[in-house]
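Below you'll find the structures, each written out as structure tokens.
Two complexes follow with chain A in common, the first pairing it with chain B and the second with chain C.
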Partner chain A sequence: MREKLVTFVRTHLRRRRARTDGGEVVTERSSGFVSDDFVSSLPYWLPPFVVMGLAVYGAIAWNFMLSLTDFQQFGNPDYSNLDLGMYAQAFGDPVFQGALQNTFALLVAFTLCCLVAGLLVAILVDQQIRYENTLRTIYLLPMALSFVVTAQFWLWMYNQQNGLVNMFLGVFGLGPYEWIGDPALVLGAVVFALIWQFSGYAMVVYLAGLRAIPTEQFEAARVDGATTLRMYWRVIVPQLKGATISASVVLMVFALKAFDFLYSLSGSYYPPKGSDILATMMVRQAFNVGHRAYAAAIGIMLFLLALVIIAPYLTYQYRRGEL
Partner chain B sequence: MTDEKNSGLSRRTYLGAAGVTGAAALAGCGGNGGGESSSSGSSSSSSSSGGSMNTLELLHGWTSGDGGAAVQSMIEGFKQEYPDVELNVKSIGGGGNTSLDTRINTRLGNGNPPSSFVAWPGKHLLQFTDADLLGDIEESVWSKNGMKDAYLPGPQDAAKPAGNYVCVPTNIHRMNNLFYNESVIDEAGVDVASIENPSDLADAIAKVDSNTDAVGMAHSTQAPWTTIQLWAAVFLGQSGWDAFQAFMNGNGDKAKIADAFKTMNKYSEHYNKDASTVGWKEANNLLINGKAGFFHNGDWAAGMYSGNDNFEYKKDWNHVPFPGTESFYSLNMDSWVYPKDNPSPEASQKWLSYVGTKDAQVRFNTKKGSIPPRSDVPMDEFSEFQTNQYSDFQDSEAQPPSVAHGLATRPEVLGNLSTAINQNYSEHTDASANATAQAFVDAFNN
Partner chain C sequence: MTDTLGSTGRDWRRIGLYVVLAALVVFYMMPLWTGLMTSIKANALSTAPFLPPAPNGFTAVHWTRAANALAGGLVNSLILAVPATILSALLGSMAAYGLTTLDWRYQVPILMLFIAGIFIPYQAVLIPVSKFWAVYLPLGEYGAAVGIPKWLGDLGGLIVTHVAYGIPICTLLFRTYYKDFNDEMIEAARIDGASVHGIYRRIILPLSVPMFAVTLIYQFTQIWNDLLFALVIVGPGQGAPVTVPLAQLGASLSEVGFGIRMAGAFVAALPTIIVYVLFGEQFAEGVST
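This part shows the complex of A and B:
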């Protein structure tokens, strides 16, 4: 869209300018506001532009308007009396504060651990080992599974009496822990399950990054006498900055969408205490309780949180001139 | 020259195409916007676009198992009665009607209601009647088939939450049964008949735990509703019907509410250790497999027993009314609701009339494991357990509605109660019992 506009402006300006070589033949017909390029490109970008504009940005704007009303359940929202009351209510609501904290904790812990786990696995898989493709597939496989499946699966794993996790820890004389029932543990348990599911994605992104680094650099580091650890830390990992940033954006968006997982964990909109996040709270307020305006306000704040996360990525891309 | 002409023509075509696309997109959005802002105005147009005028669109939540078979059997009966009505039945699964309610909420909110849908009657429907979204079916449905005489007052009141009839209840589940495994209880040396109140039950549970390998009580705390319904049974058993009614009306006594939670704290010491990760079916399996002594849940739990050939009523399992609630039949019902602005008024009324007949209720309830809300249904096709339940129902002094299923309170209050369980009652201590009780009292102040 932006490019089209730029070309449109450029061609438009060029036509008016006198050129030293006498210029090209300018056809009379196309003078005026609408240029050839603009018109002929119209069918390609206008429909998606209109649909996106209304369905995405229009909906966000509408949602914001809704969050300023006191709209509840059915009937028509009253747009005549707009205020930030719902936002004030949210910050005074201990459930919201808990959900915000959990969302943030989940986001940070999940993204960081996932990146580290993915990087380690990627480096190991990159060692020119046998069955590399098989291993790569195995690591990536959990991502192909639906949250509904993995949530049930992890419920069994975390079972206090006969779950594999407690049985494994029992070998070392630890536990058994109530992973889901204990509010202090449940968020950690959820994060671990999500890492299991998504570190494969981080691995694939890192693997691509590693493959792009020329072999000469590994060899040069070796010749200069760097240890393996030092070689990766000083030479290789710094070059994976791009991969890190793009992987972390995707992972963070996944973290915000952890709704499915938590929903499947309890089979209701009330996830176990200690694991409530903004997404579950929003759906609960909108559809269980009918506080539509309040839910809209929570949605807007979730959206802002997502924007805050994406912003550094956008600035980075912009600085590198890729935007 | 021809090139010029061609490109000119095609450009005009492009422009036209783009304009049409844009206009269509705008019109589509405008239509939606209208649906949101003027519910009655656009609803007729959106419903006509949903399908042909006479298709009967039914939404329910029974995807499989006993519920699925029950609704299927009732639909078969309807087809025999009214072969000319075209059916479009959609089942939307998900624990405790969660997904179904969300879908219904959205569709009614958008002014695009189905012909009829399943929902809990009673105060749960006030959210719709407040917005004038349900139609009056007293004339068209309730005055036929002798329905007004056949339904007992409890279910009939639930069918008119705001004064006029808006739905037809099809089945009644009992909420105050206490199920037990005969052999486990025998082994523990517990005399069930001597358990008179909820705290006696705590002693019996402890006895099962210490005298056998089984846990005292099977329970699921995965979602809040199982805890709410156990609390309601304990509360009714300890504090009685008046206190229960006061609670429903928002005047609950905090100390009595807290006492019920404190009694539950005693039970909780003898729950299965994995209560937080299992659903009610898994908990019920513990009782079937002899790994638990007692189990409290709606009488759909008995449906699992009758589905198991090696687990017989009165030999392997039995039940008593929850201690202290002998004279009550705590009920949970499902009903078919009639939305106003109905896409197929005639077919919907046919359906609802049929749902209220003896034939439909025998078909549905024999499979579902519940009892019919009509009092004149012949019971010969029902199981022994159901027949006993039916006579208990007719002899009951009062029929307290289910809190956990939204019959007793508005959805908003139920939401607050669920949040209270979730936030305050994950540890089973006196402090958390008091905190939850406070939150239960506050749940009504909104």
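This part shows the complex of A and C:
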């Protein structure tokens, strides 16, 4: 079948070439790199590849070069004198260290809590409930909203005197807390708001994972006399490894990019005190302070952080044949 | 059936389940509901944040003011999001076709480069991107030279930027879809004499309609919601997409300003909310791929 096809495609192409060129141009191409399909596939993937490649990899390379210069906002980068000075400066900079710590805290707390919340909600939704679609739609809705929009809602929720959060806690005799204004609390408040926004996403991913597990396994575990909780912990959760991995990669990358939310909380390049992360620090250094080379170096370090997360993930997906 | 609990125990468990699910609805909806209620109160503090206004305390003034203030931004966001969404989906579909349906060696490494592009933190490319549009290809200034308003040209740069960085995710979405296509169908078409282009136009594209729905909805939401690129490439001013003026409300306003702030948030989010309500299924499929 395959050989027949190859012969067919060859003769077909030959015929076409003969037509366009007016002569009998027979190019015998075997299954090397330059196969017929390779040539005919070029017009499809090459233009998007060039655009994307320049925008992503070209820009990262350029950014790396900039990070080795002493480029400031006004003036041009001097590429003749390259060194790692900006990186050295970063590691001696307390602001950078604080932002790095906050980035890790946000990344870990946000990802873990989102996964746990998403899994729990997914298990609840998976109990053959009525109105499943409606509920799922409601739980996922915050994710369709812009960080800029949700930041406005949460500024009001966290408002010290009149916000709903403090009003709620007041019922239990707690607070009122200054959620956004207190550097010790703001990161936790941000993480909570982001969990509100993204746990629906984790739920959708887990729900797809739960649906892929054969029903017999649930039933077999029930017959064994396992209590519901034990059954989920022992039988079901281990099978959700794939869902956990892909959800956590996406969530971690979201956490690295949480710039939009933090910017919108303060409406400026300076996020609320105590919530500065690398993403906000980089943009501030570049477009507010004007220290472009330093910002480029922070950008490269963010890229490396993302790479540490995605490289194992892509390898894993590739091995499983998911790509 | 083989439940160890009696039927009353099961009933209570069911009721408990629905109570928890309802509590979750309250949790996920509360910030929006509070916002909505606050946006229609003449005085934000007249009743508790989540309660509707007193009968005589209703006002539409926050909504009209917010709509007036953000109207320009909404138009800009539409000018930006519609073409950028369509272009990135189309390019993603083409790339996925060339890398999936057509079969050649070394296509997996190329694909890996596409997919890795999804996860790039934009901070790693921000300075080159802004420098590119400001110095090397200032579309705004080119446009101004031939009579097109500068902000429209700048918006053009933002469109291209969103297309470029949207290609990876669009490619992946179409790739997962095309991977499950029946090979025999394609081969049969070839045997019938269809060219590579013919197969794409007459077989793949018509079959891609459901995936186009998913991709278009996902991309539209992403591009509409973005702040970072809008801020850096266009910035505040005449061409600013709606997220830019909304973000700059910031924390500066006092409680009295929360009415207009909440109304503004809804005005800016309305297109994405409408798209989500109409196409929630497709959105869920887009995010979970």
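Just so we're on the same page, the second predicted complex is superposed on the first by the 282 of 323 C-alpha atoms of A that agree within 3 Å, B and C clash if a C-alpha of one lies under 4 Å from a C-alpha of the other, contacts with A are read in each partner's own complex, and residues count from 1 in each chain.
Note that a residue touches a chain if its C-beta (ideal position, glycine included) is under 8 Å from a C-beta of that chain, and two chains touch if they have at least 3 such contacts.
Quantities reported herein were computed from a predicted structural model and do not represent experimental measurements.
S.K.: Is A:V289 contacted by the first partner chain B, the second partner chain C, both or neither?
M.R.: Touch partner of A:V289: chain B, not chain C.
S.K.: When the two structures are overlaid on chain A, which partner does A:T215 contact: first (chain B), second (chain C), both, or neither?
M.R.: neither
S.K.: Based on the superposed arrangement, let me know which partner A:G267 touches: chain B (first), chain C (second), both, or neither?
M.R.: Once the two structures are laid over each other on A, A:G267 reaches both partners.
S.K.: In the superposed arrangement, which partner chain does A:Q128 touch: chain B (first), chain C (second), both, or neither?
M.R.: Neither partner.
S.K.: Kindly classify A:V204 by the partners it touches after superposition: chain B alone (first), chain C alone (second), both, or neither?
M.R.: In the superposition, A:V204 touches chain C alone.
S.K.: Classify the contacts of A:L42 with the two partner chains as first (chain B alone), second (chain C alone), both, or neither.
M.R.: The answer is both, since A:L42 touches chain B and chain C.
S.K.: I want to verify the contact counts: of chain B and chain C, which reaches more residues of chain A?
M.R.: C
S.K.: For A:V56 in the superposed arrangement: first (chain B), second (chain C), both or neither?
M.R.: Only chain C is touched by A:V56; chain B is not.
S.K.: Return first, second, both or neither, reflecting whether A:N81 touches chain B, chain C, both chains, or no partner chain.
M.R.: It touches nothing on chain B or chain C.
S.K.: Please report the chain A residues shared by its interface with chain B and its interface with chain C.
M.R.: On chain A, the residues that contact chain B in one structure and chain C in the other are 40, 42-43, 46-47, 51, 54-55, 58, 155-156, 159, 161-163, 180, 265-268, 272, 283, 287.
S.K.: Show me the residue ranges of chain C that touch chain A in the complex, using the header's touch definition.
M.R.: 2-4, 17-18, 20-21, 24-25, 27-32, 34-35, 38, 44-45, 48-50, 91-92, 94-95, 97-99, 102-108, 110-117, 119-130, 132, 161, 163-165, 167-168, 171, 187, 190-191, 193, 195-196, 200, 221, 224-228, 231-232, 243, 246-252, 255, 258, 261-262, 264-266, 268-269, 272-273, 275-277, 280-281, 283-284, 287-288
S.K.: Per the contact definition, I'd like the list of chain B residues that touch chain A in the complex.
M.R.: So the residues of chain B in touch with chain A come to 11, 14-15, 17-18, 21-22, 25-26, 29, 36-39, 94-96, 98, 101-102, 105-106, 108-109, 127-128, 130-131, 133, 221-225, 272-279, 411-412, 414-416, 418-419, 421-423, 426.
S.K.: Going by the contact rule set out above, which residues of chain A touch chain C in the complex?
M.R.: Listed in rising order, the residues of chain A that touch chain C are 1, 4-5, 8-9, 12, 16, 31, 33, 35, 37-38, 40-49, 51-60, 62-63, 66, 121, 124-125, 127, 129, 133, 135-157, 159, 161-164, 167, 180, 196, 200-201, 204-205, 208, 219, 222-223, 225, 249, 253, 256-257, 259-260, 263-268, 272, 278-279, 282-283, 286-287, 292, 295-296, 298-300, 302-303, 305-306, 309-310, 314, 318, 323.
S.K.: Which residues of chain A touch chain B in their complex?
M.R.: 36, 39-40, 42-43, 46-47, 50-51, 54-55, 58, 73-76, 94-95, 98, 155-156, 158-163, 176, 178-183, 265-270, 272-274, 276, 283-284, 287-291
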